[in-house]
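Two complexes come next, and they have one chain in common, chain A, joined by chain B in the first and chain C in the second.
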Partner chain A sequence: MHGLLETLQFVYAPQVVNGLSIGVAVILMALGLTILFGLLDVINMAHGEFYALGAYLAVSLLAAGVDFWLCLLVVPLLMLPLGYVTERLLIQRVFNRKDRHVLTLLLTFGLGIVLEDAYRIVFGPNTVRVDSPISGAANVLGMYFPNYRLFVMGVGALIIALVWVVVFRTRLGAMVRAAAHDRQMASSLGVPVSRVYSGTFAFGVALAGLAGVLLAPIYSVFPTMGKDFILLAFTVVIVGGMGSIKGAVIAGLVLMQIQALASLYISPVWTEPLLFGVMVLVLMWRPQGLFGKLGNG
Partner chain B sequence: MKRKSVATAAAGIATLAVALATSTPAMGQGNPIRIGVDTPISGTYAPIGQQVKWGLELATKEINAAGGVMGRPLQLIYEDGEANPAVATQKAEKLFQVDKVDFLTGTVNSGATLAVGQVAERNHRLMATTVSFADSITGDKCSPNVYRVNAKAGQQSAALAAWLAKAKPKARVFFLGPDYEMGRSTVAAFKAAAEQKGATTVGEVFAPLGNKDYSPFFGQIRAARPDVLYTSVAGNDTVRLFTQLDEFGLLKNLQVVGASGTVTSQNMGAIEKAAEGFVTGVGYSPEIDTPANHKFVAAFRAAYKTPPDLYGADSYGVLYFYKAAVEKAGSTDTDKVRAAMADLVWATPQGSKTMRAGDHQAMQVMYTVKFTHGEFKIISEVPAAEAIGPDDCKRF
Partner chain C sequence: MAEAGAVAAAVAHNEKEGERTLNRLALAFVALGLIFAAVAASSGDVFFFRLASEALIFGGLALSVDLLLGFAGMLSLGQALFFGLGAYVSALVLKNLLPSFWLAMGITLAVATVAGMVAAVISIRARGVYFALITFGLAQVVAKVVYNVPRLGASDGIIGIPSIRIHLGLFDIDAASPAGFFLFCLGFMMLLYAACVYLMRSPAGRVLAAIRSNEDRVPFLGYPVGLAKVLAFVLAADVAALSGALYPMLRGFVSPELLYFEVSGNAVITAIIGGAGTLIGPLYGSVLIVGLRSVIGSYTSHHLIVIGSLFMLAVVFFPQGLIGFIARRREQRRLRRVAVVP
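After this line comes the complex of A and B, so read on.
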């Protein structure tokens, strides 16, 4: 009755495109996590709450009459000093201890809980809707897709490329990588290691905030929103390899395609256990992840 | 802990003293009758809780101005039950134990109504829901202490299925419900009613309550090629689902029907275009053309600058139900009031309702309504006896 071609066009293609758009969103979150782990050796459990902070800052700025497009620029800039101070006041205190992984994990986990409750007190427990700055839908080959999601896909891909360029193709990125690779040597060669660490943390936090602004019109804004993406983002980072940017991108795209296509046959609710299952398998057979180098971020 | 409860009691006494001191002679002489309102003031069902609050407040104002219930004024005591049974039960326990309420209402989430019903049983007090749809509340999970004054899922789907069989005979129907008691039971109820009238089920899927992105669910809808989509999401979930259905171009050639709580006056403003043509079975519409309803709608609009929806109307009606029962019993004693509530007939904005003694479910005329140009228009009517269905309650 319905040809194979038609099924491909109307059933599979929209699902694949949708998987791509969710993939870009998850990669944006995973990117900050993997950079902080790869370069700073810090597992940032409060990453989701920084993402929520970005969204709430955007909500406040929009309410004050600031244009959405300006928010995309202003919010990450506001997040930079915040991340810098957080690193200086909290992370630095435990960074040089022997059990750094456990301490930073617990510290940021606690920070996340405090932040989430703070949002509840300051902004109230209810969901805030953010109007989409681009309305309407595009008709691509007979397949409808919301314009704003197409925009997020494009901008997301651009941000991912920019981050890669900054880390691997600029002098600043080289300094950061040097500081991460051998702290003493970098320091003796004149790299201001402590400030580079704070700056990198601030960069990761700003990235989370930017993701918060970009995704607010799609997912709405609420105090526990950080929890929604953080599990998926951690899964992507673990499967891709802790600390690997390439790994995060590839794992993000692959995992979200698995989710999108599986959603055609099982309830979408059950696709998350499926992804966590993949993560468990990766941890069992290749604990360093697809592209990770264990022991050296 | 002890000091806290003493403090709460002291605060309660102070509130009572102030309430008594400020009560006007018209409000009656005796102690107030305390009505506990355990309703979502925050969370995804906050808009529903708002209508509940307005309906109860309007009825309280009217009843107290007319001399109260047996000369005693009504007093509403609110607690935020959120959309969460665990929170709602704690708040119900507090209302019964600390505030000593005589009667409890306001629960929205069907899971919360079932759980709070058990709390009411343990405290030997009565409660009524004005919102919850799940058939089980007055079906296999019925309780001698729990009443429902609003129409259940089964009554709504009976009306909707009757309309669908005429408007779209032999329709291919896809079901999308929220994944908890109400969602599962509304889908099951409409599925049974529609299949009996010749419709085919082409798929069903359940999304978590408060789901943010429905687009992953659309693949199954596209693959199933339905003529009709039935959904029972509510509150802010409706806004997201309908907006996304529209954005992803799924609304073309698709008739969307649903539960009466899906599109209400609280969320229709945000989805006017996407919800155009939506049809549902309801127990109440502000459009009902009777003098009692015109009067109620006018008073509600004057007080709150917005029309009542089914939740506001049924929450308004529940206090008249309780008033009629207490006056018939001549007491607020639980057993006497329960006896008085058996087959009680009372007046509501949507006409007279009868509380069926066998399962504590109110019987009433049902309507199907269509959302056209930002308003629900009544398109058909089903008599009370035809929509009520069998009594499945075996506990009392």
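After this line comes the complex of A and C, so read on.
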């Protein structure tokens, strides 16, 4: 009995907490992806590059002497106009064509390639480290965890809750959902549909940027940092059901727990195929993912 | 009634003319290849022969993307999976089993067909962007696994693949000879192309076109959607793998990079810039992209910015691609000529 408790405390508990912390990070990425798909019908292949941009902006601002906490606020604000312009200049151009799913996917894919190469030119190809703004570690259940990770988990949960409130409990969110559900009807009721679309895209991009700042001190910053993360985020979004916020949160938590606990038994190399296998099984059972869609995406 | 018949005949005629345009463009491709070979051979070149062979090999990969995208409307973001599979199988056979071209190709074909069926079962039920994301994930996972398996050379890949002689019945081609291997690649790719054209213009190809325009309606016409999609998927897997199998013969090594998303993405870019749905477009596109990358590469290592921007412009302004654009211009001219006659 004593041994079992110790195993639980020292073997499983740290993995569960680790899984939680990665889970919150992945959900932050997945949240932007799923909102852009659910509300705008856009698969944003450049999401990982926007995430990287957030991290790079933070690195530059930190180097210029800006406080980290201010970065958390400033970077998403800087990303908003960028997302707005991207939607206006690129997405709008193909939005009314027949196969817009594929076309927007291809466009953002092209954008991702360009951005990634641009980071190499502007910020250099090397990995940059960001000092953790909160040092030290806290004792949780007899185990020590870095304070910053705990902070990210708390803030991440807060952001997720805020996004949910904005989308489902505010007038703005209602307008966005109305525009996604029936463009003509929303437009005739006075919703500025095209601006709402651009604004939503900007919001998704800002969310990716915020994730970039938050996670920069945990994972280092390099031009392709978004690529490694995006597959995980897409897996979460697909399993949860594209366009569903609830689905992204639940799938993110469950999948990352599976990954964390499985890595106790199998080599970390095989955890990604395992998650992918779970995704395939879910899709065979429910091709639309676990939860229904938001809007009519 | 008679009018409807006349319209149908006119549509069929127009379609035949369109096919003839593409046939001519394919012949022009061969002619350009031969002219290039003559010029390059007379100047004793090696570098451009190798580059052009590579363009043809990656053109085969783009061709397989076009089979799915241009005909069945399925966007594969993981076609590098089969390209890399072909390259690895061919490399392993040549190095460890027997340095025989035909054995390598035969085993590659068999393995790719089985792998294609497995991947089809996993991905075919998903539609549209779901299909794109699943193929993307599938390739990514396999690439990660290959990267970490020491017996496949892990991150180093497989090096030291013996140079082979390709027996073609009447004569042999030395794969180490730049001109010989280029001409062989040209012939091989045109064979693959011809086979794809034949299949896509057959009734089975028509079912794919029907699926592309309205998947839900096809079963009511009595055609099996699932089967047609699986066949298209396996065919595309085979084309990609056979193209990939030539890679180690050209370069003498294979590495996990061949399975990466860059390769899949590049193939999609190539197919779209060349002209999706034309089959010959991807081959032209590959020559264009490989050439462009080589030219830009001599000035800067940041060719991705140029190619990515070009790709975005193509998606927005030239969704039919280079060859699609040319074919449509010719069609318009032809129709205008017809319309003048009262």
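Keep in mind that, in the parts below, the second predicted complex is superposed on the first by the 292 of 297 C-alpha atoms of A that agree within 3 Å, B and C clash if a C-alpha of one lies under 4 Å from a C-alpha of the other, contacts with A are read in each partner's own complex, and residues count from 1 in each chain.
The rule is simple: contacts are C-beta pairs under 8 Å (C-beta built on N, C-alpha and C of every residue); 3 or more make two chains touch, one makes a residue touch a chain.
All of these numbers come straight from a predicted model, not from anything done at the bench.
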item	value
Clash or fit (per the criteria above) of chain B with chain C on chain A	fit
Which superposed partner A:V269 touches (first chain B, second chain C, both, neither)	both
Partner chain in contact with A:L105 - chain B first, chain C second, else both or neither	second
Angle at chain A between chain B and chain C, C-alpha centres, nearest 10 degrees	70
Per-residue contact with chain A, leading partner among chain C and chain B	C
First (chain B), second (chain C), both or neither touched by A:F151	neither
Partner chain(s) touched by A:W164 [first = chain B, second = chain C, both, neither]	neither
Partner chain in contact with A:F68 - chain B first, chain C second, else both or neither	neither
First, second, both or neither for A:S220, with chain B first and chain C second	first
First (chain B), second (chain C), both or neither touched by A:L90	second
Contacts of A:F123 with chain B and chain C, given as first, second, both or neither	neither
Minimal inter-chain CA distance - chain C and chain B, angstrom	6
Residues of chain A that lie at the interface with chain B and also at the interface with chain C	269
Interface residues, chain B side, partner chain A - complex	42-44, 46, 179, 205-208, 210, 212-213, 215-220, 222-223, 225, 236, 239-240, 244, 247-250, 270
Chain B-touching residues of chain A, taken from the complex the two chains share	2, 7, 10-11, 14-15, 18, 22, 124-127, 129, 137, 139, 143-146, 218-220, 228, 259-260, 263-264, 267-269, 271
For the chain A and chain C complex, residues of the former touching the latter	37, 43, 90, 93-94, 97, 99, 101-103, 105-107, 109-114, 116-118, 120-121, 227, 231, 234-235, 238, 242, 269-270, 272-273, 276, 279-280, 283-284, 287
Of chain C, residues touching chain A in the complex	73, 75, 122, 125-130, 132-134, 136-138, 140-141, 144-145, 148, 261, 265, 268-269, 272, 302, 304-305, 307-309, 311-312, 315-316, 319
